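Below, subunit A partners subunit B and then partners subunit C, in two separate complexes.
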Partner chain A sequence: MHVNTFDRYESRQSAIHQLDPRVKVVVTVLFIVANALLPDGAWLAFLAAWALLLFVSGAAQIGLGWLLKRSLIVGPFLLAAVTVVFTLPGNGLAQWQLGPWTLVPTDAGLLRFVSIFIRSWLSVQMAILLTATTQFPDLIHALHHLRVPNVLVSIISFMYRYLFELANEAGRLLRARESRSAAGVNGRSSSGGSLFWRAKIAGHMVGQLLLRSFERSDRVYNAMVARGYNGRLLTMNPHHMKSSDWQLGGVGVVAILLIQLVARL
Partner chain B sequence: MNVMLLPAAAQLMHIPDGFLSLAISLICWGITAVFLALAIRNAQEAFDERLIPLAGIMAAFIFAGQMINFPVAGGTSGHLIGATLAFIVLGPSLGLLAMAAVIILQALLFQDGGLVVMGANLIGMGIVPGYAGYAIYQFWQKRGGRMQLAAAGVGAWVAIMMAALVVALLLSFSGTTSLAIAVPAMLGVHALIGIGEALITVAALAFIRQTRPQLLSREGEAQASNGWIAGGIAVAILVALFSPLASASPDGLESVAQQAGFLGAAQDAPFQLLPDYTIPVLGDGGASTIAAGIIGVLVVAGLMYTLTRNLRKPSE
Partner chain C sequence: MNETTPTLLVNDLRFSYPDGHQALNGVDVVIRRGEKVALVGPNGAGKSTLILHLNGILNGGEQVQIAGMPTTRKNLPQIRAKVGLVFQNPDDQLFSPTVFEDVAFGPLHMGLPEDEVRRRVGYALAQVGMGDFAGRLSHHLSIGQKKRIAIATVLSMDPEILVLDEPSAGLDPRARRALINLLDELPLTMLVSTHDMLMVRELFPRMIIMDEGRVVADGKTAVLLEDTTLLESHGLEKP
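Here is the complex of A and B:
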């Protein structure tokens, strides 16, 4: 497994990629907050927000198909939201018989469901663009500049640093188990003892991984202390806001405000 | 190693942006901020400059541990979610920091969970299940032996159920789903996921007890009293906070039944059953939502801070 296995960064030479990560974080969060504030059925504003999204993804040279595929992650939650179609009071649109229940989709419910879907879909795509145009260490560094508590930022950057190491470790444990027992023949998953036995083995593997991680943190800590670590992480990658960063950030904020205005006209 | 192995820790737990109202999101951020601040302070006291490498690597462990699955039946598999195990082995402060790092990284890197709703996800997947599982485990602390392992299993199962309940409640308070459908659906699905979590948690703890018993006793004692109190408060605050909202929102089951009944009788009846209700209890108006959210955050944060501060033992 490569160090970058978990990174979702798409390397390009675009203005968006070169933008200061702080600007990108702030504009993304504002965009998502503003989306949450758009009322149900503000179609023109939804369209405007989508246009902004298209503009950013175009400027960042990120393909729409790729963006669309990754945005499917909101899918499972739509299942939870679909119930409002039937439970929100409003004018009934149809009547479906489903066993003992009568399902009545209402116009208000449908409006709400579609609005939830659009808001969520727009928000997740902007977040995807943020990760795709910013390397994760830069993103973490931006959080530090934006006054997220230092301890938390350091823990997250440390976690990111050791993610693939421990994922590799877990991969080795899984491979060892597969070669010894639990992989079934012809896709059958029942080999290697009872369900409880399988759960027990998985639990032992988790315990094993935990102990190894614990020991590794000890070794890492000692190595850091030996090199002069005193509880503070230093960075060799200081970010400076350029005037173009301020300008592009300003454009983003104005665009987001305009979308709100469109929704309320 | 393919992408399929990447932990998809119970997809239905990571709420994406857009599914919660802004007011609920902000209130959740307020609660979360207080818990995180307390956890950071307690953990720094306990671990000093060791904290960052320890918490960082244990967070990476939880992430990697979620990859370890076991086949259940019909192509499905159970795997660890981890809040209970993290809280038991690392203590509540360090456990919460590790879980928070996992949830934040999953949201930032994989968009597994939203950014503005991250506070809600931290409550649903870190704070509530962690303290619930830990409190149940601690309750049997003195019994020792097999009894305590069983308690860890019960705790892990309850933790998952609590997490599912919180997600369902938050969704329905935001008007995104109906309470009467979301709660039983989420609890039903997670009753099974919880069994997998319980089995793995118990087996992992049994393994650690056998190979490294001092790890459990030392970390456990250090922060036991603290976690108990905070856990109780967490549950109390959540209930207190959401009960007025719950009673104000229309009973989903009732409204479904009435609608269905009405429709059966007269197809085009104008059923404005609840003319004053808009389901998002806190309204969709921009300025009012923000104001309500900020006031809520301040009140809740102040309340929580005072409570936890007073209840914390001065000498530890």
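Here is the complex of A and C:
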């Protein structure tokens, strides 16, 4: 078993890949915040933001189809926003009878929903571009050298390193369970035992995982101490801002400001 | 420190775990500069417990001395730079996202300047034959590669003595062979705990047998390996 949750890096030799990760993190966060600030129905600004996104993905040599497929993960989250279509006061567009309830979609609600949809979809794509063009360890460095608190950065770093081990361990436990839960003599219950039995085993497994992780954290801490760790985690900054980093970062920030301007004209 | 100061001196070391189990019952070990020594004995003999004392993870105080320096709290930063401890499971040893960061961890926390850290990382990786792996992600390596990198993480600290806990456990024959050749070539004082008696015979002129928290034999490997009664009474086999 292997998890690739964090390994979304798409190796290319583009200018975007080579950009200092700090610039990428700052521009991405700015883009997302600025997006959230765009008013409903600012179609021209949405279009401009999308153009910026297309420009970046083009420069990064990341295919649109690939990006689109990845961006589908916003779907489930958008469901939460569907209710605004019916709850926002405005002119009713139709009347749907749903059992005892009458649903009235309003024009204002629809406008709000479509705007939310576009904003989150654009933001998610930019975040996907960030992880596709930056190795995860570089992201961690960027956070560290952008002065994100040390504890947070360490947690992200260890999570990245040990999520794989945890998943492997879970996989081993699952296999051990499967190999011991043969079907009964009469051939019933292929996955072994009653629901209650399986729930009990699952509980044990979670407990096991917790215990093993706890013991591992002890050993990892020993290994850190053995190499001189004394409570202050030091890392080297492998990146140096070049003039092209400043320039491209500047272009990104100006573009984001222009989009805000377009929305408010 | 003069020429006769041993690199490692353990004098009547006793230790019980918090649950009351007496894991070390008076251990004496002397290792001189340049010696390569095997540490063998059945599971539970106390090998790992002894090893944890060598750089003060478990506190041995004056009972343990590295190049003449007792492992007291005040000395621990220097002791840790002198003792290169490699744990059994490389996944515990390699805790950083990339190979470079893991090998740089020791020198960086010793307070060395960045240029020197970079130089040492390059040198340590070259020594274990993994010069091209600096940028790789640790969790994508094979177990054999992880073991070599784990050794590099302490070579970069330029230690006086290299201490390995069961380095050949879990390796396939080729990875094991590569490891043996590597240990053979490294010009360092070494103490290596292992169950791999073939490796002991091939690599280590001297061997220490531990059982039930004591050193029960310490001498020339060639001689001890002929003493089948001794080996069998401590759960060992002649290779």
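Simple rule for what comes next: the second predicted complex is superposed on the first by the 246 of 265 C-alpha atoms of A that agree within 3 Å, B and C clash if a C-alpha of one lies under 4 Å from a C-alpha of the other, contacts with A are read in each partner's own complex, and residues count from 1 in each chain.
Operating definition for what follows: contacts are C-beta pairs under 8 Å (C-beta built on N, C-alpha and C of every residue); 3 or more make two chains touch, one makes a residue touch a chain.
Model, not experiment: these values are computed from the prediction.
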{"item": "Simultaneous placement of subunit C and subunit B on subunit A, clash or fit", "value": "fit"}
{"item": "Contacts of A:P137 with subunit B and subunit C, given as first, second, both or neither", "value": "second"}
{"item": "Partner chain in contact with A:W246 - subunit B first, subunit C second, else both or neither", "value": "neither"}
{"item": "Touching partner for A:A36 - first (subunit B), second (subunit C), both, neither", "value": "first"}
{"item": "Chain touching more of subunit A, residue-wise (subunit B, subunit C)", "value": "B"}
{"item": "Partner chain(s) touched by A:L209 [first = subunit B, second = subunit C, both, neither]", "value": "first"}
{"item": "Centroid geometry (CA): angle subunit B/subunit A/subunit C, rounded to a multiple of 10 degrees", "value": "90"}
{"item": "Which superposed partner A:V124 touches (first subunit B, second subunit C, both, neither)", "value": "first"}
{"item": "Subunit B versus subunit C as contact partner of A:L174, first or second or both or neither", "value": "first"}
{"item": "First, second, both or neither for A:V220, with subunit B first and subunit C second", "value": "both"}
{"item": "Contacts of A:P149 with subunit B and subunit C, given as first, second, both or neither", "value": "first"}
{"item": "Partner chain in contact with A:R112 - subunit B first, subunit C second, else both or neither", "value": "first"}
{"item": "Subunit B versus subunit C - smallest C-alpha distance in the overlay, whole Å", "value": "8"}
{"item": "Shared contact residues on subunit A - subunit B and subunit C", "value": "7, 136, 157-158, 160-162, 165, 216, 220, 224, 229-230"}
{"item": "Residues of subunit B defined as touching subunit A within the complex", "value": "1, 5-6, 11-12, 15-22, 25, 36-37, 40, 43-44, 48-61, 63-65, 67-73, 75, 77-80, 85, 89, 97-98, 100-102, 104-105, 107-112, 114-116, 171, 175-178, 180-182, 185-186, 196, 199-208, 211-212, 215, 250, 252, 255-256, 259-260, 263-264, 267-268, 270-274, 277, 279, 284, 286, 289-290"}
{"item": "Of subunit C, residues touching subunit A in the complex", "value": "52, 55, 57, 77, 80-81, 83, 85, 87, 89, 91-98, 100-101, 104-106, 108-110, 114, 117-118, 137-139, 153-154, 157"}
{"item": "Residues of subunit A touching subunit C in the complex", "value": "7, 135-137, 140, 157-158, 160-162, 164-165, 216, 219-220, 222-230, 234-236, 238"}
{"item": "Subunit B contact footprint on subunit A (complex, rising order)", "value": "1, 5-8, 28-29, 32-33, 35-37, 39-40, 70, 73-74, 76-77, 80-81, 83-84, 86-89, 91-92, 95, 101-104, 106, 112, 116-117, 119-124, 127-128, 131, 136, 139, 149, 151-152, 154-163, 165-171, 173-174, 182, 184, 187, 189-190, 195-196, 198-211, 213-214, 216-217, 220-221, 224, 229-231, 233, 260, 264"}
